[in-house]
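Order of writing sets the chain letters: A, B and C. Residues in each chain are counted from 1.
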Amino acid sequence: MSEIAPIDQLPGGLESGLEAVLMVADSPVTSARLAQIFEVPVARVAAALEKLATEYDSKDRPRGFELRRVASGWRFYSRADYADFVSSYVLDGQTARLSQAALETLAVIAYRQPVSRGRISAIRGVNVDSVVRTLLTRGLITEYPEMGDGGATLYQTTEYFLERLGLGSLDELPALSPYLPGVADLESLDSATYDD
Amino acid sequence: MSAVLREEPSVQTAADSPATDPESGAEESAGGFRLALDNFNGPFDVLLHLITKRELDITEVALAEVTDEFIAYLRELQARSLYEGDDGMKVLDETTEFLVVASTLLDLKAARLLPRGEMADEEDFELLEARDLLFARLLQYKAFKTAAEFLGGRYESEGARKPREVALEPQFAALLPELVFNISAQRFAQIAAAALEPKPEPQTEVGLGHLHGANVTIAAEAEAIAGMLREHGAMDFTALVADAQLHLVVVVRFLALLEMFRQKVIVFEQQHPLGDLQISLAGESDFDAEAVQDDYDASEGEGDHE
Amino acid sequence: MSEIAPIDQLPGGLESGLEAVLMVADSPVTSARLAQIFEVPVARVAAALEKLATEYDSKDRPRGFELRRVASGWRFYSRADYADFVSSYVLDGQTARLSQAALETLAVIAYRQPVSRGRISAIRGVNVDSVVRTLLTRGLITEYPEMGDGGATLYQTTEYFLERLGLGSLDELPALSPYLPGVADLESLDSATYDD
């Protein structure tokens, strides 16, 4: 690898670059992956991450976030000191019920799994990003281990979902046909209608 | 390793099949319209392009000047669709707006070619009005096109930043109130069925405003009535509208009759109570059909839209 | 409100507290809501947010993230300078762009909302059904709760539209071309010519 990587030519350099990626990363990112992204040696990434983490923890002015290394890599977390405030933010306005939008999205996922968010959006005719996040947070759905076409993340329902619905397995999901009069072959109809 | 959370556009891409490339503008419509939109977004876009190409200022341009090129574009469009195995007329069917614009342009051009007479003519005014309307709509379209450029630039530059929208940290997720989710499997299936059921295509709203009632005017219908009466002598209303293809014509002929009666051009005769009214010309009639029309211009608008 | 709020007793104070809450937020948070959480005046929150945003933008060492005010609230974003690296991590690569047709339709809706498809078609001179569907699926527009004349469905832009375009509110949209007759005139022009 060259001594001067592209990231070195940007203001803030590698450290800011790492911050940028980690700020939007949902799951922990390994330093190997980061090294690949920035085309720099892993050791350099590791050192920069350690330096950032220490900087955020500074006694003078601890940041509200911390950079922590967990088993699978590095991720930003909110700092524990402020957990009370974070909790009151998280709990504020939370309901114990699923919204109609969440319920419908869950239903689409249950009967079409594994399915991408793009496909769900196409079926429901609205953006489902935030609803999918809610369902993930609630443990009703999870990521499917394999990617869909074009690297899209696919979703499937969880064991917890089956429990809550009182079902032993997905096979016990009631058939849709009684509720869809005149639709003989739902599968083909569905793909014909929404794939474009 | 992928994030649970992706930026929104990526998600949507899966919904856009390869068939609809969001880049090309070809998504406009499933039918022959695609072709029209290969390069342009409808007639105004073409017109603007033609005007810009000639380095004309839109606020001053004589629209008649770009007519030939616009018509040529339409022809090319049709030829290309024929070549590609489409029914060329299908394209035109779906692009009536193109035709409206084309016909207005042709009118304007024709007016320029004709010797300049006195401008008091009814048709001259209509032409001016059509031109102003087209002009206003073109300006309006241009304004929105500019706004679209702004939005597009914004969309692009903002796409370079990604918002943080990550899953809740587990210790906070654990604080959420226990989920109330006691729905029966049957009910759940019903919700799924409703969600998966294909939505009815939204009804295509077709603007009818530009279909100017097949140009039915009181003047023309009064002429027609006079002609029939001259040829056949007395007739009843049923006979007078026997050849009418449109309700509109029936209505307009009725109005024309009232007007002709008012001008004492025709007389009504009733042989016996509740019998049919017989209509005939009142002697030597040299009524002025245009005058009949003028009286109705004030209230025009509803009448010639069907 | 007391002069010394609970948050003031923690290291880092209000600024770090704000960072902590915004770190878990998955949509913009208003300063009013933050003021409530931290039991401090809104003005103090607003000032602290501005200060943080400026600090992250520092010329010496711009952070990899920025704090921005969009739609009605504040949110962390990755900094645009590092977009190449961020998107190589987010890997979708297919940052779906909007077609010219979609942008024009979006512009008409943004400036004329709530507006029917018929009206949009009249302005653009083409059928807009499928473009409207695309915009709905992307979450940039939504149906207006009330029907228009003759039962036509009306459309309006969403909060997400503002977020996605980095706008604080619709007022930040630039004025339409100065050539244009006043809005009132246009309304009558549209409806005189193209009734929905």
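The working rule: contacts are C-beta pairs under 8 Å (C-beta built on N, C-alpha and C of every residue); 3 or more make two chains touch, one makes a residue touch a chain.
Everything numeric here is computed off the predicted structure, so don't read it as measured data.
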Exercise. Just by CA atoms, which chain is the most central one?
Worked result: C
Problem set entry | Maximum centroid distance from chain C, chain identifier (CA atoms) | B
Problem set entry | Centre-to-centre distance between chain C and chain B (centres being mean Cα positions), rounded to whole Å | 32
Exercise. When the centre of a chain is set as the mean of its C-alpha atoms, what distance in Å lies between chain A and chain B?
Worked result: 45
Exercise. Distance-wise, how many Å sit between the C-alpha centres of chain A and chain C, to the nearest whole number?
Worked result: 22
For this session: Could you check chain A for residues that touch two or more other chains and list them?
Result: 23-25, 29, 33, 77-78, 86, 90, 121-122, 125, 127, 129, 133, 150-152
For this session: Note the residues in chain B that touch 2 or more other chains, in rising order.
Result: 2-3, 5-8, 10, 12-13, 15-16, 162-166, 168-169, 172
Exercise. For chain C, which residues are in contact with chain A within the complex?
Worked result: 6-7, 10-12, 15-27, 29, 33, 37-38, 59, 61-65, 76-79, 81-82, 84-86, 88-94, 133, 136-139, 142, 160
Problem set entry | Complex contacts: residues of chain B adjacent to chain C | 2-3, 5-10, 12-13, 15-16, 22-30, 33, 36-37, 41-45, 58-59, 94-95, 97, 101, 133, 136-137, 139-152, 154-166, 168-169, 172, 201-202, 204-210
For this session: Please name which positions on chain C make contact with chain B in the complex.
Result: 22-27, 65-66, 68, 75-80, 83, 86, 90-104, 106-108, 110-111, 116-118, 121-134, 137-139, 152-153, 160, 163-167, 173-174, 176-177, 179-181, 186, 189, 192-196
Seminar exercise, completed: Note: in the complex, chain B contacts chain A through residues 1-8, 10-17, 19-20, 162-169, 171-173, 175-183, 185-186, 188-199
